[in-house]
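Would you mind keeping the following structure in view while I ask a few things?
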């Protein structure tokens, strides 16, 4: 459903990505792992239309979306939870979710989606009047995922969902990802928490220095020596 | 890397470099100095005097706008403050206009210092707004304190020199303008200039690298205001009458437009654009509104199309010519090629 | 930074094109104008340049428009020709600001090389331009700016400031006394029984407003009135509720003062009715511009002003011609007075031509000194007032009395002015609204 | 002390403040959503006044219709300006955006003012009254025009509040002001919202100019005073705090009226400015600065 073909990208004069290609199939959970600053986030931004790739193209649901505007891509059913979460901090939980469901036209449909999301994140249901600015890191991450789900996405992209969270909160977030997987949502996830991530992923890519250096089934990658060396600290 | 044949010119270059000048700029200054010998028409001399004055104001503006990223929206008020200080001292205490100019600069510096303190905690655009508010308040005060300033009726001030000729004024203004240019160029080319740029771009990062934000910002505001005050002091004794409308925002806007068309953060670009814009505007005075519309459109276009302004254009041409080796052909070899950026 | 600027330049061809265009355009312009200047200098000496000073832009631009129109009409009547001299008018915009005016005036002297100056509206502009005229020894005829400060400046050095030849408007007290006289006469005759003898002064905050209000103030005090307050408002102010409410609570019988710009004065009158001010209003200058009634409406009823009327057939002819040509209703003071003064100037120029055969700055100065100042040369067929004459005693003011220069006191009803003073011209008695 | 001495200035001040609040609302909106410090705001006020004048006098439309025409006209002008200028700049570069747009608005202001001057001259064009008559409030008489003007301001502000908090589009506008990327990610068309916001802000300014026509006649330079008044308000309450601008507006109105009555008409600006500068000295982010909202502080 998503195909990234040979993209080069960067900022200003600095190239970050070199001939990067990967794909995500319907119903899969795909992970991109790699050290800091190798271009994981940049590649996601290329998909979401925030960064324009210099070369190559991105196909989503069979159509070329390279150069399309972010909001158009979002409307096609691609939800992207960024590292910074990009929540509307001056709005309540409810309003954030209403914004997430902006593309839903009918009132009933909206309420149904909301029910589903609240059933996944009961904690948010309790706090619907709370301002996003006053929430804890874990709650924000949850809200960000919930807001993305309000889009009824065909593909959900998560960028470092465990970033800066306490172990307890990390668990909550990963549980919800597993939950999504069970509900047959397609997920593309970028994480530094390699162990956890590859555990729950169907397939994985390893990005180093702006290039895809390895790809394979999640479990296979976990047992790979290079991965063990580099990311898991197992000699 | 000095070549034998170009030894002298390189030496000159070195001295000028210390003053933040280039040989071409130096030539132009000499040209300006001899202009009254060539053009004797009083109108042109007056026009050039106004041009130099606007150039000096625009340079003072650029010193804040182009470096610490604060558009001093109240610059005209500091200009007016200098003028009123000097004018009032001359009228009431009989102080010589020459000392009055310095007093004007001092008064503007003090207020600039206070405004610097006042805006210390504010970021760029809000600091600009604050200077604007202070300027509006100052203008309101000047207008309403009729007992002191004669309010909007204007204050008649003694002339600087007792002569029908405008040439003395021209030279005084030329000296002030060149002084401002060299002073600001020397400062901005030194480590202080780097510090200004650093705090203008990112306060946190600058502070993290050990730059004293408070000191530099206040120093910048004080100096920029003081220079405006100095020019104001001159102006008071040039026109012979000053009114509170001097402090009007539209005068700041004029300096601002000149600064931006010239190229922000270059200092010397302001002179260049003043020499194009001020005479052009003056000659179009018959077309009142049209000329202001041109001003506005020019400002919009520069911002949209080529924000580096005239200075950026010149730098690009300079570099282009240097890359093609055109200077070598003419014997201009510069040690310090980035001196003008 | 530097490395990038070239890259940007190449990428941005439009930018380069645009800047090059500006550069070449401005160079062309400078070149073009430079050569134009050369032509001017080469033009023959027979052209007489008259710098007409007026507020052509800014808050009093409306007055400037009337200045322009009436001056043009006066000179068209002689076909811009005095003897074999051609007259060229140079418009000097004072923008209602002393400093800008002085700059523009000096510019006109050095750039356009005017032979003499003419007209002006504001006193503070007079004061600043007097200095310039004195500096360059250019005679400037018949400026309307009338307050004491102009006279004071003249008296401080009559020799030096003589070049500001004759004011077209006397000091305010010479005219403003008529208001007090009008009210006192009405009280004597029993037409009006004021509930108290309290008066509040107001004025636009400049030489004119303060000069006028101070003159009127002492005249009121001399007549036994108590002045209870004074308010100065900025030029262009349109918000008067706070001030009017204050005046209302002071319970004065009369408020008196002046404002010279149309938006202020019309807002003031309109709002005075809105807040229900129960005082007789003396508003000097309400009718100065033609369209005041469009701005105030019926709020101007009962307001007292002092303005010459289009009384004579010549005056009416001028007014209708003016309106036809410029689509503006002329104000008596700005349009009419200016027309008279321009005709006076034409007379001055003609006399100069007859006596010296050449019109230039020097000869005009002599005419000013020998003929105008002495009262030999007068304009006695003015459309607004009987005779414009100066005498060495009154100089720089014109002679003010019923035979020469005086404005009737009028009261407005439905946009029409009715003369209520002096007795000889009176159209009706002073009317006092209910409850005052 | 006579209670009316306190009450009268408060009433007068409130009537005045309502329109300041309306102006400030538009300014705060554009700054909050688009990060543009709009120095041409006063000129849209001026455009509104002119449009209302011509609709009322030349075309004989009623007062309400004239005001509506003014709003729509300014909205369209605002949309054109946004598309022509800010959109172009946004496409080119977002570097140093606040300063660059500030200069652009200055340019727009110069162009608008002088174009109007060229077209209609420097004359003052006013109407004596939209709705003749006066009304007694407390101990003072007030013209119906002022009361209607105040009501228009209050209704417009209330309408805006409902629009921003209860509708999808309004919420999107707020979302954009809080997080541009976030709002794009949920499918908000940023360009559209920007254009709409700028147009609305211009319409609001024009609304204020049009409703005040009988008090302040239209002239090319009339926009400067409302411009800096609305800047006072915005900075006073905290930049970008759209909701608080109403309180700021009313506060400024009252402050000015008291200054006017105590010290005379000329001093109101100096006094109110001094007070504002003092307040900002102690509360640099404004009186009602909200956490998480863009503030003036570095």
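We call the chains A, B, C and D, going by the order they appear; numbering starts again at 1 in every chain.
The criterion applied here is as follows: a residue touches a chain if its C-beta (ideal position, glycine included) is under 8 Å from a C-beta of that chain, and two chains touch if they have at least 3 such contacts.
On a predicted model such as this, the values are computed, not experimentally measured, just so you know.
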**OP:** Write down the chain pair with more C-beta contact pairs when B-C is set against C-D.
**Re:** B-C
**OP:** Could you pull out the chain whose C-alpha mean position is farthest off from that of subunit B?
**Re:** A
Original post:
Nearest chain to the global Cα centroid?
Top reply: D
**OP:** Averaging only over C-alpha atoms, locate the centres of subunit C and subunit D and give their separation in whole Å.
**Re:** 35
Original post:
Just curious, how far off is subunit B from subunit A if you go by their C-alpha centres, in Å?
Top reply: 52
Original post:
Roughly how many whole angstrom separate the Cα centroids of subunit A and subunit D?
Top reply: 41
**OP:** Provide the list of subunit B residues touching at least two other chains, using ranges where the numbers run on.
**Re:** 143-144, 288, 298
Original post:
Which subunit D residues reach two or more other chains?
Top reply: 117, 264, 266
Subject >> Two or more partner chains touched - positions in subunit C >> reply: 57, 205, 232, 234
Subject >> Chains that touch, pairwise >> reply: A-D, B-C, B-D, C-D
Subject >> Touch list for subunit C against partner subunit D, complex >> reply: 57-58, 61-62, 65, 205, 231-234, 237-243, 245-246, 248-249, 262-263, 266-267, 270-271, 273-276, 294-299
Original post:
Where on subunit D is subunit A touching in the complex?
Top reply: 168, 171-172, 174-175, 177-179, 181-190, 290-293
Original post:
subunit D touches which residues of subunit B in the complex?
Top reply: 65, 69, 71, 118, 121-126, 128-130, 132-134, 136-137, 140-141, 143-144, 203, 249, 253, 256-257, 260, 288-290, 292-293, 295-300, 303-304, 307
Original post:
In their complex, what parts of subunit D are in touch with subunit C?
Top reply: 4-5, 8-9, 12, 15-16, 117, 121-124, 126, 128-129, 132, 134, 140-143, 146, 214-217, 219, 257, 260-261, 264-266
Subject >> subunit B partner contacts - residues on subunit C that touch it in the complex >> reply: 1-2, 5-6, 8-9, 12, 14-16, 18-19, 22-23, 26, 29-30, 33, 37, 57, 93, 97-100, 102-103, 106-107, 110-111, 123-124, 127-128, 131-132, 135-136, 149, 205-207, 210, 232, 234-235
